[in-house]
Amino acid sequence: MEHPDTGARADFAVVDIDRERRQGLPEVVYAPGKDLHEITAIVGELTANCSGPVLVTRIEADAAAAVLADVPDGHYHRRARLLTWRPAARRRCRVCVVTAGTADGRVAEEALQVCLAVGLDAHLVADVGVAGIHRVLNRVDELRAADIVIVVAGMEGALASVVGGLVGCPVVAVPTSTGYGAALNGMTALAAMLTSCASGMSVVNIDSGFGAAMAAHRLAYAIEARG
Amino acid sequence: MEHPDTGARADFAVVDIDRERRQGLPEVVYAPGKDLHEITAIVGELTANCSGPVLVTRIEADAAAAVLADVPDGHYHRRARLLTWRPAARRRCRVCVVTAGTADGRVAEEALQVCLAVGLDAHLVADVGVAGIHRVLNRVDELRAADIVIVVAGMEGALASVVGGLVGCPVVAVPTSTGYGAALNGMTALAAMLTSCASGMSVVNIDSGFGAAMAAHRLAYAIEARG
Amino acid sequence: MEHPDTGARADFAVVDIDRERRQGLPEVVYAPGKDLHEITAIVGELTANCSGPVLVTRIEADAAAAVLADVPDGHYHRRARLLTWRPAARRRCRVCVVTAGTADGRVAEEALQVCLAVGLDAHLVADVGVAGIHRVLNRVDELRAADIVIVVAGMEGALASVVGGLVGCPVVAVPTSTGYGAALNGMTALAAMLTSCASGMSVVNIDSGFGAAMAAHRLAYAIEARG
Amino acid sequence: MEHPDTGARADFAVVDIDRERRQGLPEVVYAPGKDLHEITAIVGELTANCSGPVLVTRIEADAAAAVLADVPDGHYHRRARLLTWRPAARRRCRVCVVTAGTADGRVAEEALQVCLAVGLDAHLVADVGVAGIHRVLNRVDELRAADIVIVVAGMEGALASVVGGLVGCPVVAVPTSTGYGAALNGMTALAAMLTSCASGMSVVNIDSGFGAAMAAHRLAYAIEARG
Amino acid sequence: MEHPDTGARADFAVVDIDRERRQGLPEVVYAPGKDLHEITAIVGELTANCSGPVLVTRIEADAAAAVLADVPDGHYHRRARLLTWRPAARRRCRVCVVTAGTADGRVAEEALQVCLAVGLDAHLVADVGVAGIHRVLNRVDELRAADIVIVVAGMEGALASVVGGLVGCPVVAVPTSTGYGAALNGMTALAAMLTSCASGMSVVNIDSGFGAAMAAHRLAYAIEARG
Amino acid sequence: MEHPDTGARADFAVVDIDRERRQGLPEVVYAPGKDLHEITAIVGELTANCSGPVLVTRIEADAAAAVLADVPDGHYHRRARLLTWRPAARRRCRVCVVTAGTADGRVAEEALQVCLAVGLDAHLVADVGVAGIHRVLNRVDELRAADIVIVVAGMEGALASVVGGLVGCPVVAVPTSTGYGAALNGMTALAAMLTSCASGMSVVNIDSGFGAAMAAHRLAYAIEARG
Amino acid sequence: MEHPDTGARADFAVVDIDRERRQGLPEVVYAPGKDLHEITAIVGELTANCSGPVLVTRIEADAAAAVLADVPDGHYHRRARLLTWRPAARRRCRVCVVTAGTADGRVAEEALQVCLAVGLDAHLVADVGVAGIHRVLNRVDELRAADIVIVVAGMEGALASVVGGLVGCPVVAVPTSTGYGAALNGMTALAAMLTSCASGMSVVNIDSGFGAAMAAHRLAYAIEARG
Amino acid sequence: MEHPDTGARADFAVVDIDRERRQGLPEVVYAPGKDLHEITAIVGELTANCSGPVLVTRIEADAAAAVLADVPDGHYHRRARLLTWRPAARRRCRVCVVTAGTADGRVAEEALQVCLAVGLDAHLVADVGVAGIHRVLNRVDELRAADIVIVVAGMEGALASVVGGLVGCPVVAVPTSTGYGAALNGMTALAAMLTSCASGMSVVNIDSGFGAAMAAHRLAYAIEARG
């Protein structure tokens, strides 16, 4: 196996600039726990050493503004808490992001905006939870036109199972921390999605719209590799 | 408040023979942890001191046969593991027991047979899990004709939310221990049902077909009290 | 099955305006996680397309005032955190809400006020926890006069079992997050109520006074359907 | 502090023969995980070096018979799974062991028989669970005559709270693993008892009739020390 | 059984004024979740209808000052967060409160001050955790002079087992939420104390210095009843 | 949406014969909890009404032999506990199943054999756990040649993160119940995989080799739909 | 970094024959989940390609006899369930294995025998649990003479904290699954040891005598590397 | 065993001034839950009665400044939240602290600075998480030059297993609370490290950089004792 020469090593971080070659996308920066100067330095390394889109996730508006002051030409999406530079050209992979309720919107927005930032052809089908099952049934054609469906749902997460049974393509379920009491901060939706009666779904971490978008990127990577 | 004179006190048990007066049904005997002679003695007390149906739940076939040898004129339902004497006359309350999959059948059977034994007008809609959502949609009329719907489902328990959104009457959800891994022996279905997006459902203990049937009995009791 | 034409679809929400037909009550709005303009818009849709009472739950006083400024003729109940328009006419179903201690009052108030807002004949029996068992025994007549009893209790939730044994009608138990340490934010009361020795009780989510009221509405719906 | 010279040291065990002096009772042998020859050897050491009663707990009938063949003059109580030599003379402390249901009988029997073996004045009040609250109310005089009450209950364990409110003396609650599903093998009863609204109760481990009896012994020790 | 006429019933509370007769101590007021006017009203009822000490636990300094303004002649102990009126005369029961570390001090103080307020002869042995085992060994005489020992410890709670093996009298263990990570907010100390190798200890809820003091009160009640 | 006429309804089951049209594969039969005659009947329905491969998973050798006696021309794979009829023609999608240790072999075999049975081009890379990291590094070319990688690992599941960082294609992680103690029957591996530092992996239920194979089928379905 | 050429690759296993060079000890075979022929083959590879001791852990007597029939000159230790070939020469590192009770003996035996098999100078101090604290205090000199102390304890695991405070050398704590109820199969001892007030202890998995012995081997490796 | 005369006893604390003799290092002060005057008093006792380095851990900058005003000549390390007086002379033991990501930096800094303060020869290898496995492989020589490696990692903690397989010396794993959702505040990393496939690693509490440093101190103590 190759041993790339470590790339850009700082005191505090070793940026994996080889990742773009291995996985078709530069390393993405997860903001929590990092100082502003660390974020700025890492973004600088990525911009200098990679050619694809550069993303910072889960960054609040104030911090984003401070980073943008240092690293210009970026764009901040407030609801998705996403900071981007050099968004990718549109790729052919169609992603449908479906949500059970309006309270799941912020996580869905992260999934949607990360998909768009890395070039996927993504759109949103919102608020079609199963308590009114006709809502999702009326949108079946949109779901079936996608190459991958991301289902974002909290509480009991039942929408994932229904969607999983309606479409044949890959379904990635994102449990959210919406709800209270026995919702257990998303653990219930997580466990429910993992034990879904609709086979072949897979699951990412609670509230991880980013993780689902990256799963979509991997799918697009595989489809493109086949071309 | 009344203080009934304790009724039938044995060394090992104090049979609550006043319960039939308070709740319209004699105490029901839960077999696990009781010796055969204890079951026989309690059934004898209930038969002697009450007028309604006498039930023993969760009793295996061998034990049931032994008890029947001592207390004649009873009937054993093997799949429901239910032993009954003096089944009740048919009452007007219509119960629909719905299951997600065939593996939930044993719990559903307990719910169904206890309902029938206490006189409710119950029937079964089996194997209509949400992975093929059209299956339950095709049975909506049956569901809507009921006074109470009991939904029996394991794994992620999503069927309860869908049914809860389709009908207006009381819905009692019974999580089952069907499934493995993240199903957590029914805890996932239990938590999922408690956090359902379909409001007004209520939940009983894991695998407790009996508990759901008793909830149906309470509903019938209330309806009859209105008459 | 019918496929109602989705009703009022906004960018962010698909209001289930068919629900009033299916379940006898318009969709109820859960405020947490929704912006003010979203709440206002959804309330507007419900008011325009439905005829029954419109409710917003778990809304704080400031937000309620802002919504009321946009949508007049509503009423805010501070302790229940409930916002209502067009309260229903009184229906015949009698609900008794019982609490174990004063710390359970807020959840009980939500149960009580939602019941009243949807037209049920509800009243409160407060602070009759089992550490002084004579308190609940002195109120047995009130409990037995109800069509449904809602028991609100935190800590170990023992009151539910005692009440469940005293009355014959449906009992819905609401565990609360009252307590500390081993109370586990209400999980202990929840599990205790699910394993109650009083058969036929059913349980809703922790702190969900709303859920219990909706269970009462479903009961009333069934009773009315019998008429 | 004293440093007793370790007493009887074997390869596999260091019998704490000083314990009788410190706590008024020889070390009690817990059988599970010990070979027969280990049990026999330890009992031999205790018999030789102590003067009080010698007990082996949780020992099955076959093993007990084998040990009795080697160490004569003992007595085996099958339901309590208790093996004893030299039972103590009757002490003045009155213990009342109360159970919620017949399924808790085995644990209650261990509590009762260990109390008797160490000389306490113990008796049983069985099957007075709260689903029929009059059963325990009818026995209040017996409860109030005790110096300590041991409450043995599984499922939701509500009996402990009711008893805790009825008597002024020490109450030790023993959760049992009776029940299924959300009973969580006794964890629910355990947590419920720890969060009881009846103040001043204390709790021992699940199914530990022995632990409760030892708590009663400690109480008797304190009362005797006052004399 | 007696049925005292409920005593002082308010809209929000039913004060159990019979408790002093049943248990030798008036009901104690738990402040969290109660409004100031509720606390004041309940304290007023207790002062008027009972003769013993009146206590409010877990009340912060501001709230205590406000209540004291309305109900004079009380005393506030800041570290124990305890408000008292009419402290009891000294009773003969000797209580030793032992702590593992200084971080457990607040809980220990609640145990100590409640004991003193109800008349017990209590004192503190602080900071003798087992990491330096000689510290507790040097205090054995003080421990052995007590009628009951309360052990307050967080983290792994090992001090309880050591003390439980050193004394013959009742030992009540109070797990605290001291610690982080695997301490699990006191659950680890709680479970550790419940499974202690020192037999006959009993356990109260996490951080419940109050509960341990009430267990001591029950012991004193039993000793006094013997006199 | 379409409402297929429910297909083959038996007393005990409603076979979803429309699933092949929706998802490119007939319903797969999960054996646990089903009687032999139920399995046989369902397989008969699927064979008669569908054209693709028919699979029964988690069926033991004895049961498989009995079913094969009734429904000929099938094949049983003992290690995978898989029974198949009409295996699919080879499809273009390349699947690499990777295992951390030999103890994960049974789950990996289920993944592998289900992939082969539904026509995917699958092979195994066994026993390359990270305790000897060179083992997986020596197989990187094989991993990178795949369209999808399935990582099967128990204990801490670290292999999934390493593989997730080495390849760009979709990675589905299957936690196994291998290990003891803190492995928590696979829950630790499950949680570890969900929080992997390698982004874009997705996870299926514990021991669900079947679930991972179905995720691979969904990927192939999407790739084929693009053609 | 080196990339050793993978060594001995079989269909089912990739034996890490480079491990002896990296870590001073050949790979150790964990028997559960492996067939006899797999164990035999792996042992053969290790014997042929390595020079140090070859160990198989957690192997039952029957399986051990079968393997020994194929691979001669080995030795089986029944209580430790350990199979060894070519035991190592004595190394200078002194290990003291301490147990709380006789029920921890099997796990302690695994720790002891693995230490001896890899050449460490190990001995056992048994049954010195803290309920009789003088037992461990009487053995302090033995503990202080060791280079590393392994503490094996179940239930609440308090012995680890006491020993951790008595010695200055490394202490490795092994929680065992001894106990019941709140012992939670060893999770309580595990969590207790992780939160010990004695600083600098470290912990291995539940019942992992092997893991502790390997930690001792690592210590010896470091000491030898300093020489 | 010795019984040192308790040393410095205050009302609130019993400083273990004998610890330096037993373990080669004075007691370390854990700041949370202690008042400033308590910290100052304890530091004063330690400075007066011991000769080695005095440390206060987890102390925030404000509190540190206040203590330093009273006890001069100390030094505060802000990122490690560590306050020290009389740092030790350099000892020969080489410690390598390795981190998976920048978010683990604060815990790693505590480990590093405590090691340095007690005289160990420690340095940091930062941000070499396994998602880019070449990063840690490029640092193998640094890892292998150490006498002990401390691995600090959150989320799934996979780095610990990889490092554990690369080096022969003792490895202490520190799980961190980095991550969200299924990371469970560090419990997932903790459980993962305890079940690592790399044998002989040991684990300390979540976020306990201090605990790992103390384990390193114990190792150095053992090595020095051999000299």
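Residue numbering begins at 1 within each chain, and the chains themselves are lettered A, B, C, D, E, F, G and H in the order written.
Simple rule for what comes next: a contact is a pair of C-beta atoms (placed from the backbone, for glycine too) under 8 Å apart; a residue touches a chain by one contact, two chains touch by 3 or more.
Because the structure is predicted, anything quoted here is derived from the model rather than measured.
If you check the contacts of chain A and chain B, which chains show up for both?
Touching chain A and chain B alike, sorted by label: C, F.
In terms of CA centroid distance, which chain is the most far removed from chain H?
B
Can you spot which of B-F, C-E or E-G is a repeat of the A-B interface, where more than half the contact pairs line up?
E-G
Quick one: superpose chain B on chain F by CA and send over the rotation angle as a multiple of 5°.
Rounded to 5 degrees, the superposing rotation is 90 degrees.
By mean C-alpha coordinates, which chain is most distant from chain E?
F
With chain centres defined as C-alpha means, what is the inter-centre distance between chain B and chain H in Å?
Those two chain centres are 57 Å apart.
If you average the CA atoms of chain A and of chain G, how many Å lie between those two points?
44
Between chain D and chain G, what is the gap in Å from one C-alpha centre to the other?
Roughly 36 Å, centre to centre.
By the touch rule stated above, which residues of chain G touch at least two different other chains?
Each of 1, 3, 19, 131-132, 137-138, 165-166, 181-183, 187, 190, 194-195, 199, 205 in chain G touches at least two other chains.
Which chains touch, pair by pair?
A-B, A-C, A-F, A-H, B-C, B-D, B-F, C-D, C-E, D-E, D-G, E-G, E-H, F-G, F-H, G-H
Quick check on the complex: what are the chain A residues that touch chain H?
1-6, 11-14, 16, 18-19, 27, 30, 32-34, 38, 175, 177, 185-187, 190, 205-208
In their shared complex, at which residues does chain H touch chain A?
The touching residues are 102-103, 105, 126-128, 131-132, 134-135, 137-138, 178, 180-183.
Sort out for me which residues of chain G touch chain H in the complex.
Going through chain G, the ones touching chain H are 1, 19, 22-24, 28, 92, 137-138, 140, 147-148, 165-172, 190, 194-195, 199-205, 210-212, 214-215, 217-219, 221-223, 225-226.
Considering the complex alone, what residue numbers of chain H touch chain F?
Residues 100-101, 129-133, 137, 155-158, 161-162, 164-166, 179, 181-184, 187-199 of chain H touch chain F in their complex.
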